[in-house]
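Right, one structure below, let's go through it.
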Amino acid sequence: MDSVGYHLAFWSLAVISVGAALGVVVSRNLIHAVIFLILAFVGVAGLYLVLSAEFIAVVQVLVYVGAISVLMLFAILLTPRAARDNAETSMRYPATILMGLVTAAMVFVAVETDWAAVLDDPVAESPRVIGQSLINEFVLPFEIAAVLLTAALVGAIALAREDPEDAPLHDESLAMEARRPGPHGPGPSPDDGDGGGSA
Amino acid sequence: MTIGLEHFLVVGALIFGIGLYVALAKRNAIAVLMGVELMLNAVNLTLVAFGRFTVTDVALSTQVFVMFIIATAAAEVAVGLALAMVVYRNRDTISVDRINLMRW
Amino acid sequence: MSEPVPEAILWLIFFLPLASFVTITLFLRDAPRLAGLLTVGAVGLALGFSLWPLAEAISGDGRGMGFGTHELVDVGSLVINVGIRLDGLTAVMLVVVSGVSFIVQVYSTGYMRGDGGYTRYFAFMSLFTSAMLGLVLADNLVMLFVFWELVGLASYLLIGFWFHRPAAAAAAKKAFLVTRAGDLGLLAALILIWERTGTLDIAAINTDVLALVEVGLLGQTMLTLFALGLVAGAVGKSAQFPLHIWLPDAMEGPTPVSALIHAATMVVAGVYLLARFFPVLEASATAGDLIAWIGAGTALGAALLAVTQTDIKRVLAYSTISQLAYMMFALGIGAYGAAVFHLMTHAFFKALLFLGAGSVGHSTNTFDMRRMGGLRSTMPVTYITFLIGALSLSGVIPLAGFWSKDEILTAAWSEQKVIFAFGLATAGLTAFYMFRVIVLTFHGTYRGGEQPQPGEHGVDPSHPHEAPPSMRWPLVVLALLAITAGFLTFGGEFQTWVLGALPEPELGEFEFDVGIFIASSVVVAAGISGALALYQWRARDVAALRASRPLLPLHRLLENKFYMDYLVEDLLVRRAFYGGVARAMAAFDAVAVDGFANGVWRGTFETGRWGRLVQNGQVQSMAVGLVAGGVIIWGAVVLF
Amino acid sequence: MLGDVNLLGPELVLMVVGGFLLVAEVFVHDRRVLVATAAAAVLGAIAYSAVLLVDGKAGRDAFDGVLVLDRFALFFQFLLGGIALAVIGASWETLARFPSRQGEYLALLLLSTAGLMLLAGTRDLIGIFVALELTALSQYVLVGLHKDRLSSEAGLKYLLLGAIASAVLLYGMAILLGLSGSTNLNAIAAYVAGSDSGVFEALVLSVVFFVVGFGFKAAVTPFQMWVPDVYQGGPTPIAAYLSVGSKAAAFAILIRVFVEAFGDDILSSHWSTIFAVLAALSMFLGNVLALRQSDIKRMLAYSSIAHAGTILIGLAAVTADGSASLGPGGILFYLAGYSVTNLTAFLVVIAFYNRIGSYQIDDYRGIGRRAPLLGALLAFSLLSLIGLPLTAGFFGKLYLFDAAIKSDLAWLAVVGVVNSVISAAYYLRPIKAMFVDESPDPGALPDRWAPDLPLGLTLAATTAGILVIGVSPSLLIDVADEAVSAIFV
Amino acid sequence: MGDGFPILSVLVFLPLAGAVLIALLPGERVSWTAPLFRRVPGDAQTRAKWAALAVAVTTFVIALVLFVLLDRNDSGFQFTDEFLWVKAEDVGFDISYALGVDGLSMPLVLLTGLLTAVAVLVSWRVDLRPKEYFAWLLVLESAVLGVFMATDLIFFFLFWELELVPMFFLISVWGSGRASYSALKFVLFTFTGSAFMIVGFLVMGVAAGTFDMRLIQESALTAAVLPVPVIFAFVFLAFAVKLPVVPLHTWLPDAHTDAPTAVSVLLAGVLLKMGGYGILRLLFTLMPDTAGDADVALAIVGTVSIVYGAIITMRQTDLKRLVAYSSVSHMGFVLLGVSALGVVGMTGAAMQLVTHGLITGLLFVVVGMVYDRTHTREIGAMRGLMHHLPLLGAAMVFAGLAGMGLPALAGFVAEITVFLGAFGRHEPQTLVALVGVLLAAGYLLWALQRSFFGPRDDRWAHLEDIRYWWEVTAVGSLVALIVLLGVYPSVVMDVLEMGVEPIAEGIAAVHPDVRDSAGISLALGGGGP
């Protein structure tokens, strides 16, 4: 269990996945960010292998690397006029602090909690078992998930496709544009005259 | 020392944090989605780790859980990207800084 | 020995004028003649009926006789009754009030003829008469207070009768407020006595209070406070210093009103009140001395002020104040009978004087003596009667005024020499200013009166003429009374009736002190001759005399009425209170109190307005809020 | 197994018909058919629940405890079914704006409703998660379905935030799973009851992440920031749906998880404090920020935040003593009352928008004179939101404040009443605009105001609801009480 | 009596029904009822006002009959009419629909009936949206009647809140000046107060296990989650706002100034009374011990209200505002009276409620009539109105005199009773309060002098005096009652005393030192605090 390979595998994979995740953060170009993301996914898949969850690892590679990442690449390519740089918003400072806090909290919990952990070999783990549990105790979530995927699929299609009535923007938004308060300050709302108990 | 549960949890925590940062700080909506995906991966990793290290049939339920998460994550991304497309069609941008017609 | 008066009769005396008031206001608004006649009739009947109780009182040596009481309010331990107390004092007051009122009503029918508010006038007059009668009939403090206020109301309405004159409206308000300031004292006394003794019945108070004091159940201080409250009320109503300032202004009312209300009846209510509670006053030395000194001071001060007035009614007004003060210090020094006696005589001759002044004004259309003169020839009856009144007031033997005043002086001599001195000086001054009035008004040459204001009814003053009979006869009757009323004192008759009203009645006796008689006569003669010398024969130039060094400051002082009006009205009320305190508080109310309430709301709304900035629509800021919330909560729970 | 499916009946009806609609939309374009089908489906679901109730199936659970059909779940099935019906009724004219997406719209509405019902009826973390995602994804699409600037923006915001929130929630679930070794709430409850201080931080972390995840759905401060934008941008019927439907389900699952799983004394003392604070925060933030809104949809959004706070009082009032069930009971009662009330308000807003094409309160000036009935209904619902007597809102607040006082949270009750005062200030503004102010140009106001039939019927129903609950609340009180007593076993 | 004919329910809901009827009268929007009213003559406004008058008068007559029938020897609630409304004992509160009148509430009910009728009369010329207007007036009456009759805390609160809605509309729609500002201010002030009140009620109900005000004992409240004084304060806040008590009074002048005449009449005439009534009915009945401890504070606040209010009134230049502020001063007497804790003081306070209702009602009626004619309320702008409006002027003078507590008029009886009752317990406060009487005379007479007296002013030549029957009726009835209560107060006072006695007994039970006067028998003289 404490074989060198095991150590090596864990550490390298951990470094890869975390490093790749950091790469998503630092890379200047969105495409590169996606590449790093894929790398991170792969790293996590490796960690699954280390955890001897082969089946999940496979799914991970298939779905994340195969589907999601590609999907994102497509999305990026489909939005040519949008900025391609991987820039950050003014939220980065609070985000940094928050990241620190959250990570700290999680690490604290991970380290300080006395988990009922055991180190001996895990119960044999096979796709079949998972499949069985899917159609036994977890059949209901399974059904729901199926519906969910359908819903998402159809929804995504409904959103993405061009419908005849969408040609002109809906007047609602135009009206909103017209009434939209200026970008600076809250802007005097039309009711400032008498909105309430004070005058 | 031996590689125990904590190690994987810490790795998960780190990835979660980084994902959070990406989600909170990146300007491009798609990048934000990437961040979310990272966070979900962290959760998955944590779950699988629990499945490996804490006894009983948790293994099953954890991995099943992960399955569901992966599935929904995919669905989420699909819908998200679709919405991003719509926004792009309307506004020629998917920068979260400019997606603020509505405020106050 | 006549048979006892049925209570109904007494009530009738009170209700007759009231009925006339109600009838007039409700039905006779458009029938002036009828209104006048009704009033005269009602009051006349009342007079007639009030002779019976008088006879009763005479035959019974004025012993008090109570009638059953009628419960008005009964709440918890508070029982408010209405009831009648009849004794010498009441009887005398009844006759005086209804009598003078009757005469004045007759006079008014002539005097007010052609005035727009004729009916209103008589309505108010009836109201006043009935209220005044009720006041003297009342057998308990609350009822007394009720009518006490009501006569004040009537006086307010009648002073402001010509409300189109700003001066009149102002005077009415002033009169009501100033007297009401005094009434607060009375009210306080009422509350206090009830709270302490649980009774409001006058007779009970007069007897039991003393009993309580003797057994030490009721503290001397409490008694004194009670007495002081009464004194305050009296000072207000009877226009004693420092609350005398309203009476001169009250002359804005029609002259008959001044005669009836502000000379003969209402203003003596204060004296009546103290006479009613004479035992209490006696029991509390402090209050007695206080009222004695107030009286003495007011008597002299008012007399001095009367000297400089040029308006005949104001002269009479100040003289009224001074005469009331006479009665006051009489009461203060314990000359109870004398005080009431003077009250009666004064009612007659002062009413006479006012009515005379009225008829003068009626023909000259002014009350400014500088525009009169020489009316002796054109208005003989008025002159003669006025002269009688003046002599009686000055206290010339054997007119009524002499006897009453003489008694007071006698009592003062035996009680308090200083006060006696005050009284004597006042007597001299009185004679002086009265003859000043006579000379300026009736002697010399006519100075042409005053043209009536446009839009007001008035006569052409160029040819003054004697008043119509309806105004002449009242003068004559009053003159007779002013001559003869004094003789009631012989043998202490009058005193006996009045003293009979006291808890332990005693017989009055007639005492005549030659020394005092000589003293007063000399002083009076001096006053009269002084006036004649100055104004008739012009021995000295008055104007120069006024300007002369020693007299100048005094004259200033008198012209400005000791600066009392200025002090009270301008400084105290207008500047200090209205312009100062009230203003500050109003500002405080608007800025601080209301401002606070509004401020809270304004604050909330502004928070709402600027707080919206948090929702800046940037999706990641929302996410930050979301996650931060979670972390903070976790930290909070784990750390604490 | 079949018995299990039977218990799943109501949701199944919705999911099946929903799926059918997705397909049918391709060849059926007649709005009447589609709407009728959807309505029928919801009615069928409700009927099914009724049958189950009458059948005495209440209290049974299925699918190895993943699904439970206790009175609590049934209560929410009826409530959510009613809400869905109302939303369908409200959507008639809205659908006309995207004819080629009517099918998806209705289908997703049904699916998300099914998800909400499952949420109220599941007792398993995985079940919770999947149900949550089902509703969430459908709602993301629904919000964006206008596909115009505002709608798409709202959809994207909702999705991004929702994704983050659910990621956080998932981490919480993961920890809980790792600790307790089970996804079943009962097992978790057992574990929590026996847990020692060594796992306290972890437990609290998962609890807090649950608060975040569910608080997001329930629109509780500080997880509420998406609410105004989404309500404003999304189709108004959907805004109405979110304001009552998601809220109801979110509170259902909050109650279930926190009472059933985290009901242990020490832990509950902690989270009841958390909820008390959050309740106060939500009320103040919602009400104060609503004061200056000029768009009535946005105003109602903030008000729904405030009401979420008020409802949270009920959870804060869960204490160890005998009256523990009072708070949750109050929540259920309040949710029912709030649903009818808020739906009425939104329905009138929709009716007005269909005529004047504006959500600006200032554009409501003078409407009360032209459309007295509609105006009166809006006014009535707003008064109910304030909590004036003889309305549903009154007894709701009474019930919750009563619960708060019973569990020694008088201060929270005071905060609550103070907030009702603040809320009065802005709820009165539309009323004033409609009935007091005069329209700047009365000529611009249309003559015809009558709403379309479905909306009219729905409006009548919801108004009746307000009145009934407001005048004789006893029945609902008993029902709510029974429902929650199913949780406290 | 509980199962007799539910006469009180009829009384409460008759106006409401009338309101509905009026709302359904055919008008510009309501057309479908037109056929039903084809026979009825007149336009919408005429129908509305006649209907309103009919309903109001009927209500008043019923109230009058009840007043006569009221058993003078039964100090409990009579004509009671109750059933369990909200049944939820397992969640811990039962709310009952419970109506009843006793000596304390009956006169106020009568007053409400009368003033509403008067309000309808003075609104005879209202032609702006008349249907809504009269409907709201009647709704208001129902709410107020309910407040005076409810014997269940929550039921009481229900009517207490209900009254806000009609007031909001009446002021903001038919008001003048900053109407909507004043309306909102009124609503928010009242609502703030009542918000705390309901908390107090809930705490009481939870502790006592019932909301029936006849069953709640203070002893039970000691176990409440809040200390009893806090409950007392919470509930008092609502009544203090309503009464109003300085410094919570600033809504009153605004509301009065901007409200239409009829609403001012009702506001001053009956709405303020809800505050005083509540203090007696709830605070003093349910928490006698605390009330007894709070007496000094109450007395001080009352005195401050009297003097402060009067002084502020002095400065007012708007006739209506002046009258409004005078109400602040007069309501102070109520507080002073109740703070005496004795029968006399509290009866005086209750009497003050009734008499002030009549007097201020009359004042507002007259001021309203003046405003309708001169279209100004600025005292400075008026002068010599008396010449052209003698009757109106007379009414104004009468009202003014009554307002300053002139004897033989209603106000005096109440005030002197208050003084007599309060002096024994609060000597300094009472003596200070006496000044209020003088000040009252000051501002009223001064206002009269400036507005009605003075030289003839031809600007007013065209004005017409009181001449229409509705004006005469409105003014005449009030005048007559003021005189009647002035010369024979027992008519009402005995009834009030009957209502107050149990309250006083309750207080005396826990505060043995309470007494009206030393002189139940003379032997007690000289004692006292």
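Think of it as A, B, C, D and E in the order they're written, each chain with its own count starting at 1.
Going forward, a contact is a pair of C-beta atoms (placed from the backbone, for glycine too) under 8 Å apart; a residue touches a chain by one contact, two chains touch by 3 or more.
None of these values were measured; they are calculated from a predicted model.
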item	value
Required steps from subunit A to subunit D (each step between touching chains, minimum)	1
Labels of chains that are neighbours to subunit C and to subunit D	A, B, E
Chain of greatest Cα-centre distance to subunit A	C
Most central chain, Cα average position	E
Between C-E and B-C, the pair joined by more C-beta contacts	C-E
Whole-Å gap separating subunit A and subunit E, where each centre is the average of the chain's CA atoms	66
Centroid distance [mean C-alpha coordinates] between subunit B and subunit A, Å	3
Separation of subunit A from subunit C, taking each centre as the mean of its C-alpha atoms, in whole Å	97
Of all residues in subunit D, the ones touching two or more other chains	126, 129-130, 133, 137, 140-141, 144, 147-150, 155-157, 160, 164, 168, 171, 175, 178, 181, 201, 205, 228-229, 232, 291-293, 425
Per-residue overlap in subunit B, given as positions that touch at least 2 other chains	16, 19-20, 23-25, 32-33, 49, 54-55, 61, 64, 68, 72, 75-76, 79, 82-84, 86, 90, 96-97, 99-104
Residues within subunit C bordering two or more other chains	601, 604-605, 609, 612-613, 615, 617-621, 623-624, 627-628, 634
Of all residues in subunit E, those that touch subunit C in their complex	185, 188-189, 246-247, 249-251, 308, 311-312, 314-315, 342-344, 347-348, 384, 386-387, 401, 406-408, 412-413, 416-417, 419-421, 423-424, 430-431, 434-435, 437-438, 441-442, 445-446, 448-449, 452-456, 488-490, 493-494, 497, 501, 504, 515-526, 528
Subunit C partner contacts - residues on subunit D that touch it in the complex	156-157, 160-161, 164-165, 168, 200-201, 204-205, 208-209, 211-212, 215-216, 221-223, 225-226, 228-229, 270, 274, 285, 288-293, 422, 425
Residue numbers on subunit D that touch subunit A, as the complex places them	8, 15, 18-19, 22, 62-64, 66-67, 97-101, 104, 107-108, 111, 114-115, 118, 122, 124, 126-127, 129-131, 133-134, 137-138, 140-141, 144-151, 155, 171, 175, 178-179, 181, 198-199, 201-202, 205, 232, 291-295, 357-358, 360-362, 425-426, 429
Residues on subunit E engaged by subunit D in the complex (per definition of touch)	29, 85-88, 90-93, 154, 157-159, 161-162, 164-165, 168-169, 172-173, 180, 184, 187-188, 191-192, 195-196, 198-199, 202-203, 205-206, 225-226
Subunit D partner contacts - residues on subunit A that touch it in the complex	105-106, 108-109, 112-116, 136-141, 143-145, 147-148, 150-152, 154-156, 158-159, 163-166, 169-173, 175-177, 179, 186, 189-191, 195-197
